[in-house]
Amino acid sequence: MDYVYGPGRNHLFVPGPVNIPEPVIRAMNRNNEDYRSPAVPALTKTLLEDVKQIFKTTTGTPFLIPTTGTGAWESALTNTLSPGDRIVSFLIGQFSLLWIDQQQRLGFNVDVVESEWGQGANLDILASKLAADTAHTIKAVCIVHNETATGVTNNLAKVRRILDDYRHPALFLVDGVSSICALDFRMDEWGVDVALTGSQKALSLPTGMGIVCAGPRALEATKTAKSVRVFFDWNDYLKFYKLGTFWPYTPSIQLLYGLRTALDLIFEEGLDNVIARHARLGKATRLAVEAWGLKNCTQKEEWFSDTVTAVVVPPYIDSSEIVRRGWKRYNLSLGLGLNKVAGKVFRIGHLGNLNELQLLGCLAGVEMILKDVGYPVKLGSGVAAACAYLQNNTPLIPSRI
Amino acid sequence: MDYVYGPGRNHLFVPGPVNIPEPVIRAMNRNNEDYRSPAVPALTKTLLEDVKQIFKTTTGTPFLIPTTGTGAWESALTNTLSPGDRIVSFLIGQFSLLWIDQQQRLGFNVDVVESEWGQGANLDILASKLAADTAHTIKAVCIVHNETATGVTNNLAKVRRILDDYRHPALFLVDGVSSICALDFRMDEWGVDVALTGSQKALSLPTGMGIVCAGPRALEATKTAKSVRVFFDWNDYLKFYKLGTFWPYTPSIQLLYGLRTALDLIFEEGLDNVIARHARLGKATRLAVEAWGLKNCTQKEEWFSDTVTAVVVPPYIDSSEIVRRGWKRYNLSLGLGLNKVAGKVFRIGHLGNLNELQLLGCLAGVEMILKDVGYPVKLGSGVAAACAYLQNNTPLIPSRI
Amino acid sequence: MDYVYGPGRNHLFVPGPVNIPEPVIRAMNRNNEDYRSPAVPALTKTLLEDVKQIFKTTTGTPFLIPTTGTGAWESALTNTLSPGDRIVSFLIGQFSLLWIDQQQRLGFNVDVVESEWGQGANLDILASKLAADTAHTIKAVCIVHNETATGVTNNLAKVRRILDDYRHPALFLVDGVSSICALDFRMDEWGVDVALTGSQKALSLPTGMGIVCAGPRALEATKTAKSVRVFFDWNDYLKFYKLGTFWPYTPSIQLLYGLRTALDLIFEEGLDNVIARHARLGKATRLAVEAWGLKNCTQKEEWFSDTVTAVVVPPYIDSSEIVRRGWKRYNLSLGLGLNKVAGKVFRIGHLGNLNELQLLGCLAGVEMILKDVGYPVKLGSGVAAACAYLQNNTPLIPSRI
Amino acid sequence: MDYVYGPGRNHLFVPGPVNIPEPVIRAMNRNNEDYRSPAVPALTKTLLEDVKQIFKTTTGTPFLIPTTGTGAWESALTNTLSPGDRIVSFLIGQFSLLWIDQQQRLGFNVDVVESEWGQGANLDILASKLAADTAHTIKAVCIVHNETATGVTNNLAKVRRILDDYRHPALFLVDGVSSICALDFRMDEWGVDVALTGSQKALSLPTGMGIVCAGPRALEATKTAKSVRVFFDWNDYLKFYKLGTFWPYTPSIQLLYGLRTALDLIFEEGLDNVIARHARLGKATRLAVEAWGLKNCTQKEEWFSDTVTAVVVPPYIDSSEIVRRGWKRYNLSLGLGLNKVAGKVFRIGHLGNLNELQLLGCLAGVEMILKDVGYPVKLGSGVAAACAYLQNNTPLIPSRI
């Protein structure tokens, strides 16, 4: 393999996979175990119980599937819907695009509601579609909570309100890949029927576990859903849940112990504090972008994402060059612009196990790169803006008071 | 979680997940990385090239899918077949049973060829089915190379011969989960169209990577295969192979580095030496079983498995009690009897990164457990038989000569 | 470096450094930390308190010195004695020899009481020396609790009794390197003034921490001890103990966290259970040696060591060849014969974090090696003898009952 | 122990122990090994050969002693000098003070040449002492290359020139604890007789290995040196060097493998590039301090240290509060002011495996802390100054070009 060692830490600011905290790396540093021994089911039981908290649900049933976010999507769709089912889905960026592509390939009849990249889901159209759908032909509304490509956070509470306004029974399926455990997310309160995330995002684990949580209506829907599924079939899990052995096939022992520690760290910090930390880092990032005189790809404040910021570069700069240079010169990993915004934006991921000074190091790096590529940034300006905010808003670390 | 610490090493002798060698644990002890940086594709490229060697193929195309063996099965089937396709499949134990269950649920028309558990696949019936199938309605022959539940290894060379005898174009799909990298397996020579294994088996990695290798005819078949697939779709991989970025979705960085090291260790030892080591340990185990006066679940020598031995206990003993006791008293993890042979057999997995003295410690433990549960074993008898063989047949470690 | 990878686990049966349990390896898998932050003193405080338990002392003061056993020896001597001081020391094997060499080079006037290698310390001579020493010119009695070269355990309770019989005020200094945390050791009850061990022995940590415990009389002795010392000076530690910062110079952060976990594991198992486990493994080993028809280097049962067994080989065999072969063929690490017994004995270390099946694997390996080198062992005989004992005497693992 | 977890990375900017790079943490993540097997001597041999490069010596003999810097000091002194020997030593800060304290306690007759803290060694006085010493009563000149407490680097080339000017045969003993592997150091060219460092400094390992290199004159001096020494006696090492087994007592297996990787990383980067990186980070730090309007404790540019910067705070601020706050609020570990400068300076360590963005994160943190404690810093000012320099002077990472 190419040897690409660089001195010091890699500054990992892609919006996933994110930095793994040392205690989690330690917890995963282990040999395999027999997953049929009493230890693994006992561990799994605590995970299934505790993971519900990050979804803010008491009624949901979680599944820890050895897969990625893409597989988690497939699990959400195939367990609840049948080929030909009509669904409404919002295209606002690369990840919503990919999910829609999956929905179509799985045979659903997708009403694609498209917005300009940088805008949130057009919920007015949702409202009018639901209003018109008195026959309830729409079986599901699928929405990406946080579009990672553009840094846009959709308003899920409003989606629920619209569904309620029209008393529409469509299932409410949410991709929370870059939101859950980082942004405010309330499965039960918002009546989300299926929510899902991936281990390598805000949970700060390696890739490999798709975490899907199904509410009672979603479980009910499995009975009639005709989509073909085996590996992703929730019923195979439920059968083993009843037996108390939990696993229809071999789980990753390491990820189970890793998840245990990841949850422990989140609970130690407090989920609300974790979310507040993301809000703080997101705000600081946006203040830096503003100070640099650059535009946020996200067009309105209501959609600002606290997990990823897509920064628009001037037309004379290729944003890919910024990413390339960060890696080659400063050991900094930024997110590329994808698809429609390729070359036009670069992304700063600020989710997962991250703190203020890590972010400030990144922002200082971005300033130098901007200068490197010919943008007339005032060095220190973004860091100053971020610091001014953070210095006033960062609480003491509770365990150290 | 229940605290289940026991002093000393856990003796892991389930047939998967198996012991991870220290260099692999070390290689995986790392933070996440940006999988879109130049480093990860460069690493991936070496993996895709080198992993072919464990399949003994030069014409196959490998896929490293973030899934388990069950997902790898699904990938093999859905990429090459269409719902309603007729396939021949052999039911000889729990894992072939599960694969057949999957085949049926995916909508294939399965000719199940059943054998008594403890016997190999009935290839005479295969021959007659192929002979009768002059219209070539049979689209695929699916076979588990090594049935992990009963310790039965099927004769794949013979399957190929039969297919050739009848010039039958059916695809030849092989589950090599508990064989590849441990037993003699020759994808190209035997004309296997799809072969697959899981990372947690003979490769001695954590669970989480399904390794599927598709031959040219299998890739050709994807063009007409109508099974619905997205997450498991090989074409999504092939698209990114062409781009040189390799990944349609986020891989596990840790498993990639782990696989790199696992392959390095296998090549350092020599794949043929690895296979010879498995043959040696398998033989030693069977000699011990014989010395104890117990029966091998596998009914004929031609089917003896060098990766797992299922030991039949006398009717007055519950084999689950043997497994339970091993764990509770000796920190030994043995395999349970599954389904039809539950309570009747226990299994000794002897695959993966394992050596002679580890196995002998296990065999000594089994002797004590047999005594514990009332079987009149002569203590030391199995170890003596195994030692007599191993002392004559274990080569010096090449790096230490 | 030479590449010496061998498949499977290395079977580490030298009497130190010993196997590190996985939880300890995990605990040490970490970055450095500022040792002046509040965290490290808080951690250290628990260690200093808890480590006393393995000495069975409430009155002693422990020092965790970044050194090896040799340094711990030097610390014990130089803090309590003055050049020219008369001391009594017992030469019974290589490690007592090395300690005596150090005592002499440090300028003490050593009465060397020599025994044949394989015998314990001659306590009759001690008695007569003390009887004769009415002027109390003997300032200290130095004794190795367990001579690692010959597998001889001295009777410390008897040493105390003799000292008491003659009301002799000599300090009682004990090398517990291969005994503490494995053999019965009672600092307070036996009136030991200084006891010491090394991290890489029964505590099952990496090398690098000399653990020295000084009783009140030893601390008193520091006031008059004129031996030159700086790095090893206890007073430098005591100064920082008073300040609550604990460290006169930088400790190994990793070893501190490692020790924390090592102690946690020992307390979880129960120190008395740990000692019982060593007794069990020691006994099993001796039964195997007997079954092989070989002699224990230790001449009388009263001196049998439960942490290491030195096995005498017939004159026509070079014991070094046994060790060499173990490593080259079976990935087994046995202890060489040292000095006077070089070529004549090999040693099986059975201390630290070890269980029954690990030992049985080792014993099976030794049997094969004996055969390899031409000794007419009956294969399985030693394992059978050990199993017969262990099967009757191994308790269930408490956490798994 | 107190639980002191904080989200994100700890920003470790004490001048030791420093950040360990991930590849080194990985290399050390291992079980113990028999240090008498062929593997460990083979590994040691490469280390002893390669470690000379970081001293820039071909004639020196290195010793890898299981101890800290304090023990390395003791080793340097006791192997080359006799009690009563006259030595010249420079007191310029806390670490030179501690070394002098050791020298005096070891019985040497120390001419202490004191400078104000913040100044370098007074070499004029050295010159006059050597000039006056025609009888060559001065046996050694002892100097700390880089005083970690004040961030002062002494001019070793000049010391050599003075010694040469007076053709004085005194041994030249150098504490390179916070310099070697980070600052320009040339053992052979500068005629240094003993040089030493500790593993936890620029080598970026855990604490626990004192690395001492003795030139030919120093080895010659051991023959007449009458200082009492056993644990630290080089001759015990040399005896085993001749035997090819290398170790008079048990080394830390983990530190050996760690050192192997640490050296590999340094050679991969290039020792001169490593030194240039330290120069770059040191300069950037000083520019930030200047921009903040604060004073460097180091009084003249010729003494500026590229491994640690001691920053003087205004009299109305307690520098300890800055350190405390860094840890409690920003997970930042800064160095306290020690002894005479306690409360008056805080220290930024910028040595070891560190890169630009890590440092910039730290500097941003310091700015916020300064504001926190009431110093009227212009936020962003220090970062801007550092960035302006770094943006112009940071090379591409060679492996990524």
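A, B, C and D are the chain letters, set down in written order, and residue numbers restart from 1 in every chain.
Here is the rule we go by: a residue touches a chain if its C-beta (ideal position, glycine included) is under 8 Å from a C-beta of that chain, and two chains touch if they have at least 3 such contacts.
A quick map from chain label to UniProt name: A, B, C, D = alanine--glyoxylate transaminase.
None of the values given here were measured: they were computed from a predicted structure.
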Note to self: chain B rotates onto chain C (CA fit) by an angle, in degrees and to the nearest 5, of 180
Would you identify the chain whose Cα-based centre sits farthest away from the centre of chain C? A
Intercentroid distance (Cα basis), chain D paired with chain A, Å: 44
Where the CA atoms of chain C average out and where those of chain D average out, how many Å apart are those spots? 34
Indicate the residues of chain B shared as contacts by at least two other chains. 2, 4, 19, 25, 29-31, 38, 327, 400
Between the chains shown, work out who touches whom and classify the graph as line, ring, star, complete or other. complete
Contact footprint of chain D on chain C as seen in their complex: 1-2, 4, 10, 12, 14, 16-20, 25, 28-39, 42-43, 46, 66-71, 73-74, 83, 101-102, 105-107, 198, 200, 206-208, 227-228, 230-233, 248-255, 260, 327, 333, 336
Chain D-touching residues of chain B, taken from the complex the two chains share: 22, 25-27, 29-31, 38, 400
Chain D partner contacts - residues on chain A that touch it in the complex: 2-9, 11, 19, 21, 23, 29, 265, 268-269, 274, 277, 327-332, 353-362, 364-365, 367-368, 371-372, 378-381, 383-388, 390-391, 394-397, 399-401
